[in-house]
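Here come two complexes built around chain A, the first alongside chain B, the second alongside chain C.
The block that comes next holds the complex of A and B.
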C-alpha cells in the first residue's frame, strides 16, 4: 500500500463525499454507479480505501457538513465496508455492505423517480458478489458459509421495494435474476418459485416492458428450471427465447444457453449441426450427437461417463441419459434397413435374437429378457410401431412408418 | 385523561381494529414516506383502509390534515369513519356522541403534545411503568371531569346473556366509576397491584352476595379498598395458591423456559398495561370478568388450576391480542389438560416448591422484582429457586458457568428473553442416571441430570436394544430416549452415529420412513462432521430413497454428483446407482434382478417401490405384447419368485399364486390355453388394468403401526 499522507487522505475522502452527494442531488446515476462498484476495483475507489485506512475517523468528516450527514448512515457503512474490503477482510466487508445496502434501499424507497435504478442494480450485484467472496473466506476458515443466504433475503427485500406500481417496477426483473443466481448457487432452487409467480401473474408487470437484458437472463434461468422438471416443450420455448434475444456478441452467454438448449432439443428429436457445437466449443455434446445419429449405444454411454461430473453439475445428466431410447430406436431402424436389403418380404419381423446380437457387437451384453423389456418400453413410448410376439420372440413392425419421428415432441407423448 | 380518550375510542372500535392500528405503529419505518401528503389525499375519498401514518407528520402539517378531522365533526357519516380517524381525530370525534364536543376539544388539544409519544411500539410502551404513572396523574387531575364520561359510555355488547355476570356489558356503570376512582388513588404500581386484588375481592364478594347491582358504588367508601390493601394481597394470594393445589398452571412459552415464570398469580401490571394499550377500559373489565368467570367454571368443572385462564388471557392478550379469544374461556381447559398430561409428572416437584413460596414474604419480594424487571437491573440476585442454576452448575468451564449463572438470572428476571439468546454450551448437562432402560418422554423442561444417562450407560443401552427380542416399537422408544440423552449432553461421536445408524436400519426394516428420515438427516450432519460410520451404506440408502420415493430430479442429481469415484466402487452404492438407472429407464427386468441381489437393507427401500414397478411393467407388456404372455414368465421377470432362493418347487408355485393374485387385483385378464397354462390376455388387459386402492391403508398413515400402538405413541 502506497503511503498516503493525512492531508491527502482527507482530500480524497472529502472529494468522494462531494461526488457522492452531488451525484445524488443531480440524480446522476452513472456517477453513483461508479462510486459504488466495488468489484470493478477502480483506481479511485482503491485510493479512497487506502485513504480511509489512513484517516481512521471518516465519520467525523461526514458529520461535519450537513450535506454529508444527510446520507451519514449510508456513507459510514459504505466506508467501513470499503476499508475491510481493501484489507481483505471480506466477511466484515460484507456485513458493513449489507448495512449500507439496507440504508441505501431505504433511501431509494424515498426517491420518487426511478433515476437511481442503475445504482440499485450495482448494489444488488455487489452484495451478491461480496457475499460469495465472504462465503469463500468463511469456508476456508472452517466456518459455515451463510452470507449468500443473507444476501438472498436482502435481495428479496429489494424485490419487494420494486414490485409495486410506478416507474421502479421495471427494475424488478433485474433483482429477480440476481435472486436466481443466488438460489442456483445455494441449491435452493425451489425458492425461485415465489418470485416467478409474482413476475408471471402480477398485473403490474408487463413482461415486454422489462429491459431485454433482464428478459434474456430470466428466460435462461426459468428454462433451466424447466429442464430440471423435464418439461421439454416449455424449456424449449424459454431457452429459444433467450437464445434469440441474447446479444450475439456475448459468446459466453450464448454458450451457456446452448448448454441447456441442446439437450432439450435432442430430447425432442432435433439434432444440431456439428458446426454449432464447434463454434461454441460444446465438445461434450459431440459424441452424444454422433451416438444418436449412428444408434451407437456404447458411444452414448461412454460420452455420458466421460463428462459425468460436468453433466451432473449442470443438471442435464438425466436428460441425456434418457436419449438412450432414441439410440435404441435408431439401432432398430438400422437393423430393419439391413434386413430390408436382404429379405424385403420379412423385413418387418425383427427377432430379439438379432437385436441382442447387434448389441453384443456394441459390447452391450444383454439377455433376451432384457432386450424384450427394452422393446416393450420402445413400443409403449411409441418410438416403435408394432407389437412384440412373446412366444416367438419377435418384434413385428408396423408396415407404415415403423419408426415415427419425434418432430419436436417429447418421447412418450 | 388519556384513558378517557382511549375509552371513547374503544366504545366504537372493535378490538381487532385496535390491534391492527396499534401494531401498525410498531413499524413507523414502513410509513416514512415523502409522499405523506399524497397519502392523505388519496386516502380521503376512500376512507377504507387504515394507513400507518406516523403521528408526527400530522402535527407538523396540521393545515393539510385539518379538513380531514373536521368532516366527521360536521358531517353525519361518523360511523363510516372510525378506522380512518383513530390515530388522532378520534379524540375529537369520539366524545361527540356522548358529550359536548366543545367541552372535550380543548382538553384534547392539551393532551396532544403528550400524546405524541404514546403510539410508539405498543408492546414496549405498555410495559413502561412510566406509562401508567403518567396516566394516573392525568386521571387524578381530571377525575372530576372524567367520571361522567364513563357513565355515558355505551356498551356495544349484546345483553341477552342469561347469566348477567358473564356479560361485561352489564357491569354496573357505577362500579366502573368506583374502580376507576380506586385506581386513581394509587400512587405507584405496587399499590395498584394490591388495589386490583382488593377490588377483585370486593367485586367477587358482591357477586356472591348478589349485591353487585344493588349496591350504590358511587357512594361506596374507597377506604374499603385501600385500608385492606396489604392484608388483601397476602390473603388473596394465599387463597389463590390454595386453589391450585395441583400441578402447573400454564404451559411455559417455551419448553425450556424456567418454570418460575409460571407463577399462578394474576399480573396486575401487565393486565393493566394491556388496558392502556388497547385503550379500552371496558375490554379490560371484560377481560377480568371473563377470566374470573372461566375461573369459576373451570374450577367447578374440573378442579384444574383455575388461574390459568385468568392470568393467561390477560397476559396473552397483551402479547398477542389477535389470538386472545383462544385463551379465554373454555379453551383454556383444553390447553390445560394437554399441558398437564405430559408434564405433570416431572414438574410437580418444582411447582410444589414454587407454591410453597407463594404466600410468603418471598412472594412479595418477587413481585417487586417483577415489576422492576423491565428496568433491566441485571445484578439483582434471587437465585434461590429452580432448575436453571442447578443445571448450569454442571458446566465444566468456570467462565461458562459464570455466564450460565448470570444468564439464568437474567432469564428469570426478564422472562421474555428469546430462547435463541441462550448459550447452550453453558447449559449442557452431564447425566448421572445408571439405569439402562428408559422410556422416551418428550422433554417439557430443562433436562434433569438425575434422569439422563452418561455415555457409558448409553452404550450398554444400545447393546441392550440391539440384542432385544422385543418388537420395533419398544426398540424405537428406547432408541429415541438414547438419542434424547445424547442430545441433551451434546455427545457427537461414533456412539451417536452408531445409535442413529441402528435406529435408521430398524426403521427401514419396519418400513417406518418418517423415523428413518429423521435419523438420516442427523447422520448426514454427523458424517459431515467427519465422524466415521457406515457412511457409504447410508449414501446408498439415501440415493435409493430419492430415486424411489421423492422423485426429485434435482436432489438426485446433487446426491449423485456428491459421490466420489471411490464411493462408486462400494458395492452398496454401485447397487443403488444401478437401481437408479433401472428405475429411470423403466427397465423392470433389471430392477427385479437387482432386487434379488440387494446388499444391506437396500431391498427394504426397494420393497416400497416393487408395487409401482410391477404395475408399470405389466402396463408396458400389455400394451406392447400380442396376443398373450404366459403368467409364468411374469412370475419370473417381476420377482414373484423372491422367496424361491431356497430352491424348492413349492416356492415356485407360491410365486405363481402370488402373481395370479396380484394380476387379478389389478384388473388383468387371465385366460387358460389348451395345455392348461395361464396366460395374460394383453389386449383385454391393456384397457382394464388399474392400480387398486391399497387395502391396508390406515388413517394414521403407517400401516406397520397398530392403531393402539399409534395412540400410545402419541
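The block that comes next holds the complex of A and C.
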C-alpha cells in the first residue's frame, strides 16, 4: 500500500465525495459507473482506497458537509467496502458492499427517471464478482461459501424493483442475466425458472425492447438450459438467435455459444465446417465430426472418452453420446455404397454377417443378435428404410432413399 | 461443519396456520395411526436456518442467527409423553399394540410418529431421540420388514412413517456425520425394496403408496448425497457411495418420468472425478446410453449380469419398458413372411418363453405355432398397443445370481 500523507488522503476523499454527489445531482451515469466499479481496479479507486485506509475516519468528513451527508449511509458502506477490498479482506468487502447496494437501490427507487440504470448495472455486476471472491476466501479458510447465494437474493430484489411499468423495466434483462450467471455458478440452475417466467409471461415486458446485448446473453443461458433438459429444437432456436445477434468481434462469446450449439446441431444432423471449429478453437469436436462423416464408431467412442471430463462439465456429454445412432447410419450407408460398387444388383441387401465383420474391424465385437437389435432400432427410428428378414439374417433396404437425412429434426421424431 | 441443502422430507420449517391440523401423511388413508382421527399433536420443530453454519454466529456483521440445535434426550424409541397419549387415544399401529391391545403399548415396541409441524414453538429435547437411539430404532424397524403376520402394505406403511420421523429427528439435531450416512443408506434401501415389493401388492391405495414411496425415496437420496458431500474428503468416496449415486441415474433414465430432481446432464456436472470413474457409475452410464438408444438386447443382458440388487429393484420398470420396445420394434420392422420365433426373443429379452408369449398378448399381439411346432410372433400386426397394467413384472433370467439382502 502506497504511502499517503493525511493531507493528501483528505484531498482524495473529498474529491471523490464531490464527484459522487455531483454525478448524482447532474444525473451523470457514466461518471457514477466509474466511481463504483471496484473490479476495474482503476488507479483513482485504488488511490482512494489507500487514502481511506490512512485517514480512517472518512465518516467524519461525510458528516461535515450537508452535500455529502445526504448520501451518508451509502457512502459510509461504500468506503468501508473499498477499504476492505484494498487490503484483501474480501468477505468484509462483500458484506459492506451488500449494505451499500441495499442503500443504493433504495435511492434508485426514488429517482423518477431511469438515468442511473447503467450505474445500477455496475452495482449488480460488482456484487456478483465480490461475492465470488468472498466465497473463495471462505472456502480457503475451511468455511462454507454462501455469499454468492446472498448476492443472488439481492439481485432478485433488484429485479423486483425494475419489474414495473416505468422506463426502468428495460434493465430487468440485464439483472436477469446476472442472476443466470449466479445460479449457473452455484449450480442451482432450477432457480432460473421463476425469473424466466417473469420475463416471458409478464405483460410489462416486451422482449424486443430490451438492449440487444442483454437479449443475446439471455438466449445463450436459456439455450443452455434447454440443452440440459435435452429439448433440442428449443435449444437450437435460442442458441442460434444468440449466435446471430452476437457482436462478431466478441470472439470469446461466439465460441461460448458455439460450444453448446454445435452438439445441438449435430444431433439434428447439421455438421459444422472444419474451418469453424478451427477458427474458434473448438478442437474437442473435431474427432466427433469426423466420426459422423466416416461412420467410425470407434472414433466416436474415443473422442467421447478423450474429452469426457470437459463434456460432462459443460453438460453436453449425453447429447454427444446420442450421436451413436447417426454414426451407425453412416456406417451402413458406407457398406451399401461399397456393395453397390462391387455387386449393384444385390447392394440393397445388407447381410448381418457383413455388418458384424465391419464392426469387428472397428474393434466392436458383437454377436448377430446384437447386430440384429441395432438394425431393428435403426429401421424403427427411420434412420434406415427397409425391413429385417431375420430368418435369412439380412436387412433388405428400400430401393428409394434407404438412408433418410434427419432434415433438422432429432433422431426418432 | 459444511452442510448445504438438507432437503430432507422432515419439513421442520413448514408451518401450518391451522391449529388442529390432523393430517399426518400426504395422503388421507388409514395408515400408521390406529385409524382414529384424533391424533397426537406435537409441538413444532425449533426454528432453525437450514443452511447456516455455526461459524456464522461469530461473524460480527451478521445478526446472531438462531443456531442452537437441539440435542435430543429421549432414551426410548418413542417419547414417553407421546406413547401415553396415543395409548389413551387408542392411536397405536398394529406393531405397537401389546398382545394386540389397541390401547396398550410398551417402550419396546412404541415408535415415535412422524408429525407435520404445527405452529412454531419450541421442541422439547425430551421428545427428540439422540443418534444412538435413532440407530436402535431403525434397526428395530427394519427387523419388521420380513414380518409374515401382516400384509406388506401394512408393514411398509408403518416403517414408511416411522423412518420419516427418524429423518425428522436427525434434521432437527442437524446430525450429518458418518454414522448418519449409514442410517440414510439403510432408509434408502428400505424405499427401494418397498418400490419393488409394492408392485406385487394389490389394492386401491397401492398406487398412491407407490407414488409417495418414490417421492420419499428421491428426498432421502438427496439428503444422503448432501451428507456425503458434507463429509467429503479429497478424492474419497464412501464404501457404498458409488452404488447409491448410481441409483439416481437409474431413477432418471427416462427424462419424462417426472421424478423430482435435476436433469441428468446437470447432475453429472457435480460428481467428483472418483465417482465418475467408479464401476457403479460407469455401469449405469452405460445402461443410460443403451436405454436411450433403445438397445434392448444389451441393456437387458448387462442388467441381468451386472446389476446389484438395489439397482435391479429400481430398474424393474425400465426392464419392462425395454421389453415392450423390443416387441414393438420387432413387430414393426420384420419381414412379414418370417414370423419371429419366441424362443429367440426370450433369449434376447432374458425371459422365459411363456412370459414372452404373455407379454405379446398384453400388447395386443397374437402368437401362433409354426409348422415345426415352435411358437412364433407373426409380425406387422397392426394391433400393437401399450399394455394397461403398468406394473406387471416378469423374471429377469440371470438375476438369480444376486443374493437378496437387505
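In this text, the second predicted complex is superposed on the first by the 413 of 413 C-alpha atoms of A that agree within 3 Å, B and C clash if a C-alpha of one lies under 4 Å from a C-alpha of the other, contacts with A are read in each partner's own complex, and residues count from 1 in each chain.
Everything that follows uses one rule, which is that a contact is a pair of C-beta atoms (placed from the backbone, for glycine too) under 8 Å apart; a residue touches a chain by one contact, two chains touch by 3 or more.
Remember, it's a predicted structure, so these values are computed and weren't measured experimentally.
Superposition model on chain A: chain B and chain C are shown in a clashing arrangement. By the touch criterion defined above, A:306 lies against neither chain B nor chain C after alignment on the C-alpha atoms of chain A. Of the two partner chains, chain B and chain C are each touched by A:377.
Using the contact criterion defined above for the overlaid structures, shared-chain residue A:143 touches chain C, although it does not reach chain B.
Within the superposed three-chain model, A:229 lies in touch with chain B and with chain C [touch as defined at top]. When the two complexes are overlaid on their common chain A, residue A:200 makes contact with neither chain B nor chain C. By the touch criterion defined above, A:274 lies against neither chain B nor chain C after alignment on the C-alpha atoms of chain A. Within the superposed three-chain model, A:15 lies out of touch with both chain B and chain C [touch as defined at top]. Of the two partner chains, chain B and chain C are each touched by A:369. Contact with chain B, but none with chain C, is seen for A:110 once the two complexes are overlaid on the shared chain. The larger set of touched chain A residues comes from C, when the choice is between chain B and chain C. Stretch 595-603 is the one among 1-9, 55-63 or 595-603 where chain B clashes with chain C after the superposition on chain A.
Shared contact residues of chain A with chain B and chain C: 187, 189, 228-230, 309, 312-313, 315, 317-318, 321-322, 324-325, 369-370, 373-377, 379-380, 387-391, 396. If you check the complex, the residues on chain C that touch chain A are 2-4, 51, 53, 55, 61, 255, 262-266, 268-271, 273, 276, 288-289, 292-298, 326, 328-330, 332-335, 338, 340, 344, 347-348.
Residues of chain A touching chain B in their complex: 106, 110, 112, 187, 189, 228-230, 309, 312-313, 315, 317-318, 321-322, 324-325, 369-370, 372-377, 379-380, 387-391, 396.
Within the complex, the chain B residues that touch chain A are 29, 32-35, 553-554, 556-558, 560-561, 581, 584-590, 617, 619-621, 623-626, 628-630, 633, 637. Residues 92, 95, 143-144, 146, 149, 187, 189-190, 227-230, 308-309, 312-313, 315-319, 321-322, 324-325, 369-370, 373-377, 379-381, 387-392, 396 of chain A touch chain C in their complex.
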